[in-house]
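Chain IDs A, B, C and D follow the sequence of writing; residue 1 opens each chain.
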Amino acid sequence: MIHFINTGGTFNKRYNRVKGTLEVPLDYEALSEILKNSLFNQKYKITQIISKDSLEFTKNDRKLLQKTIQNIKEDKIIIIHGTDTMKKSAKFISEIKDKKIVFCGAMKPYEINSVEATANLFLAIGFIENSKNGIYIAMNGVVDSYKKIEKDYKNGIFYKKI
Amino acid sequence: MIHFINTGGTFNKRYNRVKGTLEVPLDYEALSEILKNSLFNQKYKITQIISKDSLEFTKNDRKLLQKTIQNIKEDKIIIIHGTDTMKKSAKFISEIKDKKIVFCGAMKPYEINSVEATANLFLAIGFIENSKNGIYIAMNGVVDSYKKIEKDYKNGIFYKKI
Amino acid sequence: MIHFINTGGTFNKRYNRVKGTLEVPLDYEALSEILKNSLFNQKYKITQIISKDSLEFTKNDRKLLQKTIQNIKEDKIIIIHGTDTMKKSAKFISEIKDKKIVFCGAMKPYEINSVEATANLFLAIGFIENSKNGIYIAMNGVVDSYKKIEKDYKNGIFYKKI
Amino acid sequence: MIHFINTGGTFNKRYNRVKGTLEVPLDYEALSEILKNSLFNQKYKITQIISKDSLEFTKNDRKLLQKTIQNIKEDKIIIIHGTDTMKKSAKFISEIKDKKIVFCGAMKPYEINSVEATANLFLAIGFIENSKNGIYIAMNGVVDSYKKIEKDYKNGIFYKKI
């Protein structure tokens, strides 16, 4: 069984028609909609925490993430996270050695580009199936130890260091 | 590098506005559109063969599939295939022992449900990253050796035998 | 107030994931979904009849359509109808002189191309606002008396005779 | 022939994957995509000016809009405009008496909700077909003289004053 932790970020952003702005909602509607259309025979759990743009994550937010993971009994964990500090959070929780943890997110909100968000999420789901314990990032078609994945901030794309 | 073989099936079906019917096209437009939106920093190849509903596959079609795989030098191969005889084709090529081969497809055309098709494809892409040599099926959130995956024809869902 | 009569046709077609075919459903889900996203402050009614591909309409079906219209007290009526015999049905009910009746539909199912279906429907809604009594067809950006609109069966497009 | 003037506003907004924000682009890509899928046999022209959120329109912008309209020889004009000051612009150009002018836009970007944007645009297209000269607003299913249409800023919906 996979346990999803949804922390916010671009993946979840939704347009508020009254305010005219994109917001990180307090729910996991985007995640639910993808899984409803694609994960038919699998059981899973979802935990919702933080619900922020990852540029606004504080040290306390990362401590909460760490504690949440430690309290989860499943060993397969996928974390939906903003892209800007995804790697920083991965490093922060790197003391956890007994689980398979994959971070993913999206460069465009699911509401705008459902294909990219779905692709990143299922890259993580497929990868976690037979990975060893460790902390990984799955984005834009590349997936590996968080140490080997970098965000190219200029072009808005994740890549693998060689 | 991943080598995709596109053989047709529901995944690729498109609506013909003049005839008013869904057709399996001779191209890989659906696959291209997904990869364009989601696989930014990966190199890959695409080979197009057969282009049929999998109920219409003949023995010669399966021999062509087998030969195509044997001639490919990459060891990571993802096959887009109709769902009705996906398992039959997997068994047919099971003499091939030196590659990682993952079959996937969709229960609804990409043109109608982009999330399901994308999810199945990226389940395969994530899985192949660290799988052993073998022949696998990735559908509806489950992925394993083709021997362990079955299609529930009544409900239109793939599941894992326990 | 606009009264919609939904009779079936391509506009409504949905993919059945088990059978693998497109079906004309017995409901008006496509219509509801468009109106929910776009008609916020208007009251309207929906009547569902026939629910067929318009090539399969019988004389009795057209009599039912005629009777349904005659029993409706609103004078603004929009009919969702298959494209192949839309004009034939318009002619069949042409004895009705005291209402504004606009036929529309789609060359691609709403499920596949939401823009075309929405465009045809709202072409009708905008047109009916200040049209005179009469029977009209609104398709592919052209709208006029049903006598002046023709389907180009070869290219799958409606046009206005000059 | 209809002449579209695209001035910007929510209708056109697109997500910038690098900056992570919604921007009003300098082009009319959203409009083109809708018309490509729905206006098959009609000739039309598009003029692009201003390209701003309508809250940022200056007096000079409105003078430019006025002059642009006066220089257009077609008498059917549809203006894509931000919703916040759509009515203000309509009033500003109300000295123009010899044309049919319909303002429309969207509460959600076309990139996020293609149905709403398409519906508003085609409400305008259908309405202009047999309207008298005048200045109108077409939004959320209601269309009438700009004097009779109001934006409910609290709920983000346009309505007709009674």
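Please note the rule applied: contacts are C-beta pairs under 8 Å (C-beta built on N, C-alpha and C of every residue); 3 or more make two chains touch, one makes a residue touch a chain.
Computed from a predicted model, the values in this text were never measured in an experiment.
The fewest steps needed to get from chain A to chain C, moving only between touching chains, is 2. Although chain A and chain D share one sequence, what matters here is the overlap of their interface residues, and that overlap exceeds half of the numbers used. Inter-chain centre distance (chain C to chain D, centres taken as mean C-alpha positions): 26 Å. Chain A and chain D have centres, each the mean of its CA atoms, that are 38 Å apart. Each chain gets one centre point, the mean of its Cα atoms, and the points for chain B and chain D are 44 Å apart. Shown for chain B are the residues that touch two or more other chains, namely 113. Counting only pairs that meet the touch rule, the chains in contact are A-B, A-D, B-C, C-D. The touching residues of chain A, counted against chain B in their complex, run 33-35, 37-42, 113-116, 118-131, 138, 140-143, 157-160.
Listing the residues of chain C that touch chain B in their complex gives 10, 15, 17-18, 20-22, 107-109, 111-113, 153-156.
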